[in-house]
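Notes to accompany the following structure.
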Amino acid sequence: MLLNMITANSLQLVSAPWWRVLYDFSSLTKSIDEGLNNTMGHFWTVVTEMIIIGVLILLFYAVIGLFLVYAERKVCAFMQNRLGPNRIGPFGIFQTIADLIKLLFVEMIPIKNADGFLFNLAPFIVIIAGFMALAAIPFANGLHAIDMNIGVLYVIAVSSMGVIGVLLAGWSSNNKYSLIGAIRSGAQIVSYELSVGLALITVVILAGSMQLSVIVEAQRDGWFIFKGHIPAFIAFVIYLIASTAETNRGPFDLAEAESELTAGYHTEYSGIKFAFFFLAEYMNMFIVASIAATVFLGGWMPFHVGPWDGFNHVMDFIPPFVWYIGKTFFVIWLMMWFKWTFPRLRIDQLLTLEWKYLLPINLVNVLIMAFIVLMGWHF
Amino acid sequence: MDKKELGEFIKSTDQDLEVKEGIQFAEVTVPPSKLHPLAKMLREAEQTQFDFLVCISGVDYGQDLGTVYHLRSTKFDHTVVLKTRTSDRVHPLLDSVADIWNTADFLEREVYDLLGIKFANHPDLRRLFLDNSWGFPLRKDYVDDINIVTK
Amino acid sequence: MEEQVKNISTDEQQEYVINMGPQHPSTHGVLRLVVSLKGETVKSVQPHIGYIHRGIEKMCESITYPQIIHLTDRMDYLSAHINNEAVCLTVEKALQVEIPDRIKVIRTIMSELTRIQSHQLWWASFGMDLGGLTCFFYGLRDREKILDIFEETCGSRMIVSYNCPGGVMYDLHPNFQQKVKDFIKYFRKILPEYDQLLTGNVIFHERSKGIGKLSLEDAISYGVTGPSGRASGFSCDVRKHEPYSAYDKVQFKEILFTGGDTYFRYVARIQEMWESMNIIEQLIDNIPEGPYAVKMKPVIKLPEGEYYQRVETARGELGAYIISDGNKNPYRVKFRSPNFVNLSVLNHIAKGFKIADLVAIGGSLDLVIPDIDR
Amino acid sequence: MRSIINYLKEVYFGVKSLLVGMKVTGSYFFRPSTIVTQKYPNNRKDLVMFDRFKGEVIMPHNEKNEHKCTGCGICELNCPNGSIEIISKTITTEDGKKKKAIDKHIYRLGMCTFCALCVKTCPSNALAFGQKFEHAVFNRELLIKTLNKPGSQLMKGVE
């Protein structure tokens, strides 16, 4: 009944052909909102919308997580002269689904002397942090769960919440390797938060706003990575490095450090709880990549070159959502490339890299960027 | 120095030592009490400088238990073999050379583990491969009905 | 709950002890390291070994000399051919058998191929220890080519059992020469890639330079041989000092460095791969004609006496010490295995470094656990 | 000033070395032709092992179900781990003489280390290596094999 009404309403309001929606989701979302408001009170509208968005994000989370695991395995396989998963389905595309089913049915081993409550809580904290960050990301024109005016700040704040889960997991496992991994992770994320923040601030200075939709809109005539001269590019590189470190991925995967700490903070986890950590790692990667895409590479904005109108029209023809996904996956691919090329850093070198190299460069970079903006030298 | 000169040199330091020209190397048979001083002398003497202890092999000679030391000098590239044996099969005790060559630490632990020869003044004489309850398998009188299968 | 807190709390006196192994990704086998930590800094490392102690020395006392050879394969399985050679040379020395040149050359080529494949696997696993997983696959990919050459000639890939007293088991396969040449040509192109991926990498430099420094005096005193010893300047290459097989006929450098840290142990092995290729190239085109094995008696009995033969495996000096009482079985066989001795230095050089460095140092010593336990 | 230049140099060479490494993996990523792994169970049909490959010890029989094993027991003696056992029987030959012959040549694949001593030392070349390499079975008993086929006989002219 409700669904019927929503679809009817939306179809009424969208007079243009259906594929127009692909280029601007705002009319669709607006019509859904209005339709709901007409049928029920304001409170229930909000509740229903929350449920819809929750379910959508949950599905998105699962699909993206599964796909990224598969993509990672294929990418690393190709870099290592291997075929990668190729058993289940054509080119092994159902491999991760099979893995997921296995993880669902696998026994969850209870840990003696583990702090049961915290042990069970930790994976949820990790995964909730990912969910919350996903809310603020503009996926396409008008496809945006909450458009906060402090979007960048919100994302930075929320995405670093995951470390609490990691620390809890490491501590409550009552395993020495886990504890070392968790403490490493704590030190690592606390330091790299700085670089992530400062790299984003460089762009915030350029855009003049923290609202992600405004930042995307400001890149209509050119992405910030091109508009911002060299400082924006440096900020992008620093953001890539720091966000790789923040997501605990190689070459900064010290918290897991397979050859040193077996599996680090999630050594003792099994079954679906392990799957949560596993999924959260890929989801965090997706989130940082999509922020990089949004802030530096123009989000869902197509690639435009100033005076070339014909070229710009062709670019406009590709839907914004595809642009967004494409850019995000490009950044993810870069991060995978890092992981499968470099050896791991040591914990003190990791901190040296942050405090001796990234932070000073970043601070100087912010200054230069502020100067450029002040003088109006940017495009 | 070749094996003949080495033998003569060692003989000149102590007339009581039994020096034999073996097939490959000069072989010196030392009583257990003289082992450590001789080893120290060979390590430090200007002409020999045996600074590299190649290996310590424990041998069960039937009546006696003994150890064989292969020493080499990295400077002169000559080798000498020291042999010592003790007839005490219950509490065999030899002097440790771990203070002269660091590598003797592990090599002596191996000998102790497999033959039960104890080394006095060894820094950390524990069994290496086997359990404490295990016998000493490289002895000729070692019997193990479960693990040794004879055709 | 209270008990739990007591277990976790660490005060100044209490050491944070972790067990690395026996099942641990970085020990490449069943080696158990009891590591005392202060924070992340290693205070002491106690190796606990013996998980795969099979009593090879005891077993050798009850079997004949040709049968011993297949057991030596299983000590240092990565330099299986060279281990075989140690026993064969000892037996031949004792019986004073004159070995024709062809056999010597075949053995030398095979030994050097073994050395290359061992170093390739080491490179692969060392990269993995440092966290660069791609190295593992590149190393194994190239090693596969050598294993194919082995398989074609010897019938098996890793544990070849190709040597026998008096020669080798089979003649070289007709394709052997061409395949080895192809491999050398291929590997000369690929080896610079190893350098690009790892040797030149700034992260690798940070991880390896100055880590686990072993001085020359300590290297000699601890008896660390092989590339690990030579990285400290310990001139211990048996191939140079006491040439066996055809090593006196070829020109090659002994790779010596004075740094003695993880980085130089790494570079020493990379350089050895180049040198091994040089040696093979000198020999592969002029393998003399002749029989591939000398006719030996069906039952080999060594004359009474003691025989010691050392060879240079991929990891250091392997000594085979055989005491014979004139029977067809040896009276006592002792193998001076390089890994066992190299392991003893681990505590000395890993002290004061981080856990991650311990893994790197362990990897750079290139330990093969079955050779330690025997 | 010098320290700043050194600092920048360090950053430059560091980044450069990282890019060199990334070039290697990246170039392989775009060259799928360099993939070396095989889809093993699928390519089973065209998988040819080398002719000297030591898969298992077999006793070749000719089309008349005859083998060359005289039952001398040299392989049993030479086997280092006792994986060969020969059970012999006494048969009466055509000209009425009693003769020792092989009843069962038992070969324990599970204990075999493929040292090739039995094949090498066999005086009548009765043993050889087979090419089969997929030996996994569910029951350990199945690894104990009788090499001579039932009803087989000694080949004429082999002593």
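So that you can tell them apart, the chains are marked A, B, C and D in the order they are listed, and the count of residues begins at 1 in each.
In this section, a contact is a pair of C-beta atoms (placed from the backbone, for glycine too) under 8 Å apart; a residue touches a chain by one contact, two chains touch by 3 or more.
Note that the structure is predicted; figures quoted are calculated from it, not measured.
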* Pick the pair with more C-beta contacts: B-C or A-D? -> B-C
* Chain occupying the most central position, where position means C-alpha average -> C
* Roughly how far is subunit B from subunit C, going centre to centre by Cα mean, in whole Å? -> 25
* Structure fact -> Averaging C-alpha coordinates per chain, one finds the centres of subunit B and subunit D separated by a number of Å equal to 41
* To do: Using mean C-alpha positions as chain centres, tell me how far subunit A is from subunit D in Å, no decimals.
  => 51
* Computed distance of Cα centres, subunit C from subunit A, in Å -> 46
* What are the residue numbers in subunit A that touch two or more other chains? -> 79-82, 340-342
* To do: Name the residues of subunit C that each touch 2 or more other chains.
  => 134, 141, 197-198, 201, 203
* Going by the touch rule set out above, which residues of subunit D reach two or more other chains? -> 18, 21, 24-25, 36
* Overall pattern in which the protein chains touch one another (line/ring/star/complete/other) -> other
* State which pairs of chains touch, listing all of them. => A-C, A-D, B-C, C-D
* Structure fact -> Residue set of subunit D touching subunit A in the complex reads 11, 18, 21-22, 24-26, 28-29, 32, 34-37, 39
* Asked: For subunit C, which residues count as touching subunit D in their complex?
  -> 63-64, 66-67, 69-71, 74, 134, 141, 144, 148, 151-156, 159, 161, 164, 169-170, 173, 193, 196-198, 200-203, 205, 298
* Asked: In the complex formed with subunit A, which residues of subunit C make contact?
  -> 4, 7-8, 16, 18, 24-26, 40, 127-138, 141, 197-198, 201, 203-204, 206-207, 354-357, 359
* Structure fact -> Touching subunit C in the complex, subunit D uses residues 13-15, 17-18, 20-21, 23-25, 36, 50, 52-54, 78, 80, 113-117, 120-121, 129
* To do: Note which residues of subunit B are touching subunit C in the complex, please.
  => 22-25, 27, 51-55, 57-60, 68, 70, 74, 77, 81, 101-103, 105-107, 110, 114, 128-130, 137-138, 150
